[in-house]
Amino acid sequence: AAQQNSRIIVVSHGQANDPFWSVVKNGVAAAGQDMKVQVDYRAPETFDMVAMSQLIDAAVNQKPAGLIVSIPDASALGPSIQKAVAAGIPVISMNSGSDVSKKLGALLHVGQDEVVAGRIAGAKLKEMGGKVGLCVNQEVGNVSLDLRCKGFTEGFGGKVTVLPVTNDPADIRAKVKAAVAADASVDTILALGAGTAGEPSVAAVKEAGKTGAIRVATFDMSAGFLKSVAAGEAVFAIDQQQYLQGYLPVVFLANYAKYGLMPGGDVASGPNLITKEKAAQVVDLSAKGIR
Amino acid sequence: MQDERLRDVSLVTKIMRRPELGALAGLILVAIFFASTADASMFTLAGIMNILSPAAQLGILAIAAALLMIGGEFDLSIGSMVAFTGLIFGAFLTLNSWPLLLAIVATFAVAALLGGLNGQIVIRSRLPSFIVTLAFLFILRGLSLVGLKWATGGSTQMRGIGDQAGEGLIRELFSGVAFEGVFAWLAANDLIGKFPNGTPTVTGVPVSIVWFVGFALLATWILLRTRAGNWIFAAGGDPNAARNSGVPVDRVKTALFMLTAFAAALVAVLTVLDAGSTDARRGFQKEFEAIIAAVIGGCLLTGGYGSAIGAFFGAIIFGMVSIGLTYTRFDSDWFQVFLGAMLLLAVLFNNFIRRKVTGER
Amino acid sequence: MQDERLRDVSLVTKIMRRPELGALAGLILVAIFFASTADASMFTLAGIMNILSPAAQLGILAIAAALLMIGGEFDLSIGSMVAFTGLIFGAFLTLNSWPLLLAIVATFAVAALLGGLNGQIVIRSRLPSFIVTLAFLFILRGLSLVGLKWATGGSTQMRGIGDQAGEGLIRELFSGVAFEGVFAWLAANDLIGKFPNGTPTVTGVPVSIVWFVGFALLATWILLRTRAGNWIFAAGGDPNAARNSGVPVDRVKTALFMLTAFAAALVAVLTVLDAGSTDARRGFQKEFEAIIAAVIGGCLLTGGYGSAIGAFFGAIIFGMVSIGLTYTRFDSDWFQVFLGAMLLLAVLFNNFIRRKVTGER
Amino acid sequence: MDDNRTLIEIRDLVKHFGSVIALSGVSLSVRRGEVMCLLGDNGAGKSTLIKTLAGVHKPTSGDFLVEGKPVSFASPRDALDAGIATVYQDLAMIPLMSVTRNFFMGREPVKGVWPFRRVDFDHCDEVTREEMHKIGIDVRDPHQAVGTLSGGERQCVAIARAVYFGAKVLILDEPTSALGVAQTSMVLKYIHQVRQKGLGVIFITHNVRHAYAVGDRFTVLNRGKTLGTYAKSDIQIDELQNLMAGGKELQAVSAELGGMV
Amino acid sequence: MDDNRTLIEIRDLVKHFGSVIALSGVSLSVRRGEVMCLLGDNGAGKSTLIKTLAGVHKPTSGDFLVEGKPVSFASPRDALDAGIATVYQDLAMIPLMSVTRNFFMGREPVKGVWPFRRVDFDHCDEVTREEMHKIGIDVRDPHQAVGTLSGGERQCVAIARAVYFGAKVLILDEPTSALGVAQTSMVLKYIHQVRQKGLGVIFITHNVRHAYAVGDRFTVLNRGKTLGTYAKSDIQIDELQNLMAGGKELQAVSAELGGMV
């Protein structure tokens, strides 16, 4: 039972094989080691709010020392989170849900709202001269990705088309090529994942002979995309520093369990635009799944 | 009327020979595995309810899918149907502000209509249902997205449905927990666990579980005891032979497609009322999981053989494996490896036991 | 030897009766649809190559899946197999620093081994291949994630594989484009489009397309002209009857499972060399799309009937529909609705034409 | 009651399957209390003809009258409802289903009131066992899957079923082909009984002795056409045998084997 | 060459299917140039017995010798390789495949050298058409699916195939049951020819005349046991008929129907 008390469970909405979330998970694992606490990372197999609320219930049953959750849907997850609070488990929310975190009884929120990040990226791309944009979405219907597109549209101001694609690089490349061939006025592409959608988008623009004419940016980071940024084939990557979204809550909860310490306000982990100047430095960290 | 060419068989053999019960062996194996590796809280009352909740939602779909599979067809659109009927239901409540009962009835009606459409296309075109319902998988998923954006003015998530639904008897039939009195009494007498603040850890049986069990019993009764059940087996076993013997195969199949759509709508209503929201990804890949559960439960993909109780156990196995791993210490990166291995083991074991017991080659 | 009880049939009827060519009608319909609604750039040389590249990768899987389906089995693990063999291949190149040829051969060997394992489990346990390969779907997908993280020290993407592969004849067999000379000459003579800087918009035929066409021809030849082909039809049509007639059904099925795994490995090598990297989500749901393409191409899910050329056209239809919509002006939210509707229309049309032509009921 | 009423009549029936012409103009009638034997070579079109009568196939052209009224069956269920019960050559059984369930398939007796209406399986088991016993087969277990029965046992289930549900016309497509001596006698006796009850029977067989034993009239098909219809009084057994073979030369073979065929 | 060499011998063969005892100790032998008729009531176990000989089922216990050597077939392919060709009662045909492909299934003749080795389908079509013609069936189109053939036509394909590939022993399970008069004569003639070539034949039938016409010895099965084996010289046709019916009382029925069965 003593060992159980030092256990911290993370329940997120992102699958373990999602490049973005695997970095969060790495942060969780590193914090677990650093703080010498047992950490468990759980997520449903698809973007599934019903399954996620059940995972939170399962976590509550195990009476952990702390619970870390992402809250992409307050309606669906609220009751389960409130149940955890009622069971006396300290809860920290991360990534999404900054607006409802307090209301549901979480102690703190660590992360960056997707809409805000999208807005910042949109504004930046608008500033670079973009007029007609393409939002390459590799998982339409995943609310957090949809929100990124939404934020982008708001910040960008110009015309934005959502391009739904699959996870397959060949498919993404072909669709991006088709989209820029069909509409020659496209001058901006925002991909919603660096490794999945970003790299093939860069390749597609290159194959279409429009490198430079079309600005490509992406959410999150991958070593390949950062190299493109460094080479000037892409403009920037938006870094939420999601490693911290995994790392910090564990540290906070561990200290809370030990000493009852907890920061007084929410922590914003991003956004952070990685442009040509910074790209080269972070390539290696990205390849290791830290950024 | 005993025949000298019939060896005596034990009662165990007779029981295990029933397709209904084969999956039980797999379930027991999986339960033993978790009992020895997982956190003890998994098999507390709260833990079991926690396993049964996802199993119930999957199971309702799986039982309908099993009936349809026995009838010789597939429905790949049930996952999308959950999302679509969830949207419809949400729209009826929030946009039209219909009372709950009307919204539920209307949702079921729409589902039945869509199921009937699926069935009619399959029957009239004589195309494989796989491809027809696959088209509907895409169409309904796409319509859910379009509809959600239209209904919410651009978001893929519709919230606040729970508040619109109001309270009342109808609501209690489709959300929350049942038998609250019993559990309150149990908690008061310290027979089940309580939270520090005095409420029991389990306040009742989630209604979805009650629906699940009820639906399994009903489906079993239909399959084994009614005329419709005989027709389902016949339609799936050999549609030509069945037709030649006077079974109205087309009507049976259409009814089954309506049933799966109906089950999807039921799950949609249950989850939407439970979660209070719906989004474009609801029910994603549930068609797949439902077929898995039905097959674990012993249904033949080629039709004509299987059982509802098998699908019932199949859904519980699937639910137990997928929730159970979170109670163990395994790294979640290994989740899929374990899920696959456990499924394979469960099915192999159930197969092995059955063959041992019945003395099949 | 003409019989008076045989009506004369036209050549068209005779041709359309072949399962190979039914899907052609659907393809033509889809092409007409896009020709009238899509941007003209879709049917330029570059546009066509752009459609064929993803179709080729899907098609290689679809043809293998079709053969396996004709042989009466499914392989749901091919998508995960693409990810897993991609990882293996990448690891051989970057971690072991093996030469390209050795890495490719070793990758194929691992794939064949895994395929054989799939087959042996299916045959020995007599479980449906659906459930066995489903377990491998999860297991291989999970192993890909674990393996990638292990190999890269924490990332889900392995990169730099392209650089490790080096240049040379072997590389050219598996990546880049073929017939570059021809296209350069065509561009020089202004027969095909050029970029402002003078390079042709299409520098050659992507090798994956060449593999696709070659594989389709080979598979067709095997099915229609060889002993193995006859055995595949027999094993899928009625395994008992086939076994009773002396067909080594188990060997045929094992070989087919190895073939699908092999096709997955081929796609993995092609895409990894093409993209220069691999990640944990490669090939996601490709098993599903491969089965769709095979079914569009006229394969029966119950086995014993179908063709490789049908799957070939099926993959092109699927590719054309999914890429083609980006050339049109339709709101992308409607993408899935269109995808579903077009698939349904293509299959219905192909069915309608065939029935019309052959005078079936 | 007019005992000689015509139950079924067809005129100039034509049936094509794609490019194959299976029936090219067949006429036939069956009266009450009569056994009409349908004879003919392999592939002559006998099964196709009776499947058309049973509502399985729709005729390409031609008239079909039941008790004088033109009918067009949309499905075998319609034919069953019109009182035509059929034993198909390929038996129309579901191998994976039990003997009882096959026996009553499509005609299950129910008990209870609606939401609780259910099939009376105890009664079904009993009837099945009884009817099978009558025909000379002891069913070990009426829940045994039909797929595990021997060829002859399966045939008996199909026959017993048709006889049990036969109302006006009983159509039997080579019912005796897989049967042993005892079962064959039983079936011929059944046919005789059924005729005496006033039903019409269409009996297809390749065994001239069986045909001659129970038949009243004989219609011979050849390559999709009627060769002719003969009353029993008009034709001798060896003439009939020759007609059945489509007039092929049998002498050589028969002689060689001692005329035992 | 010892013309009387025993080709197949089984002793005390037992076969259980789960709780069903299909064979409970059967002994039998077949010699070169001999037609051994296997007779017995429906469900007696004849098909189970020959399926065991053909490698489809593995015996539960008992000895099985081919040319004096004990064998244990792992699959029907082993039996075929040992020269035992079988016509199964359920025919072992694939309905969706063409006549030619079914005819040569498992034994396709190939031409060309390895990577280009292919089946010689022209030759196959020709052989199929020829063999079917010999048995009295004109195949309209050898590419027609077997599923569209009539019952008798299908039976002929199975028989022609077995005869064509038969090497030492030919096993025929009720081959004549679905055949017309002409085709039946043809098959009986075939059996006669095959015997003269020195093969052993096991012939299962319910028609005592067919059995008596070509059989040299008769083994009667009853409820999974051998009732006895009789040489043709030792038994009369009506005795045989009584044995076949498992000694059931046939007098009443036969009398009623004029002894025509």
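Letters are used for the chains, namely A, B, C, D and E, taken in the order the chains are written, and counting of residues starts over at 1 for each.
Keep in mind that, in the parts below, a contact is a pair of C-beta atoms (placed from the backbone, for glycine too) under 8 Å apart; a residue touches a chain by one contact, two chains touch by 3 or more.
From a predicted model like this one, the values you see are computed outputs, not experimental measurements.
Visitor: So which chains are sitting against chain A and chain E at once?
Guide: Intersection of chain A and chain E contact lists gives B, C.
Visitor: Using the contact definition given at the top, which chains are in touch with both chain C and chain D?
Guide: B, E
Visitor: Would you say B-D or A-B is joined by more C-beta pairs in contact?
Guide: More contacting C-beta pairs are found at A-B.
Visitor: Quick check: how many Å separate the C-alpha centres of chain C and chain E?
Guide: One centre to the other, that is 44 Å.
Visitor: Averaging only over C-alpha atoms, locate the centres of chain D and chain E and give their separation in whole Å.
Guide: Roughly 26 Å, centre to centre.
Visitor: Counting in whole Å, what is the centre-to-centre distance of chain A and chain C, each centre being its mean C-alpha position?
Guide: Measuring from centre to centre gives 33 Å for this pair.
Visitor: How many angstrom lie between the centres of chain B and chain E, each centre taken as the mean Cα position?
Guide: 49
Visitor: Multi-chain contacts only, two chains or more: what residues does chain C have there?
Guide: 5-6, 141, 145, 149, 333, 335-336
Visitor: Can you list every residue of chain E that touches 2 or more other chains, as numbers and ranges?
Guide: Each of 20, 90, 140 in chain E touches at least two other chains.
Visitor: Using the touch rule from the top of the page, what residues of chain A touch 2 or more other chains?
Guide: 16, 140
Visitor: According to the definition of touch, which chains form touching pairs?
Guide: Final set of chain pairs in contact is A-B, A-C, B-C, B-D, B-E, C-D, C-E, D-E.
Visitor: Which positions of chain A touch chain C when the two form their complex?
Guide: Residues in contact with chain C: 16-19, 22, 26, 140, 161-164, 166-171, 173-175, 177-179, 181-183, 195-196, 199-200, 203, 209, 222-224, 286-290.
Visitor: Within their complex, state which residues of chain D touch chain E.
Guide: Per the stated touch rule, the residues are 17, 20, 40-44, 47, 89-90, 136-137, 140, 144, 148-153, 155-156, 174, 177-186, 188-189, 192, 206-210, 212-214, 241, 244-246, 248, 250, 253-254, 256-258, 260-261.
Visitor: Could you list, by residue number, the parts of chain E that touch chain C in their complex?
Guide: Residues of chain E touching chain C: 54, 56, 75-77, 80-81, 86, 88, 90-97, 101, 104-108, 110, 117-119, 121, 129, 138, 140-141.
Visitor: Tell me, which parts of chain C touch chain B in their complex?
Guide: For this pair, the touching residues of chain C are 121, 125-128, 130-132, 134-143, 145-146, 149, 291-292, 295-296, 300-302, 333-341, 343-344, 347-348, 351.
Visitor: Mind listing the chain E positions that touch chain B in their complex?
Guide: Result: residues 16, 18-22, 24, 58, 223-224 of chain E touch chain B.
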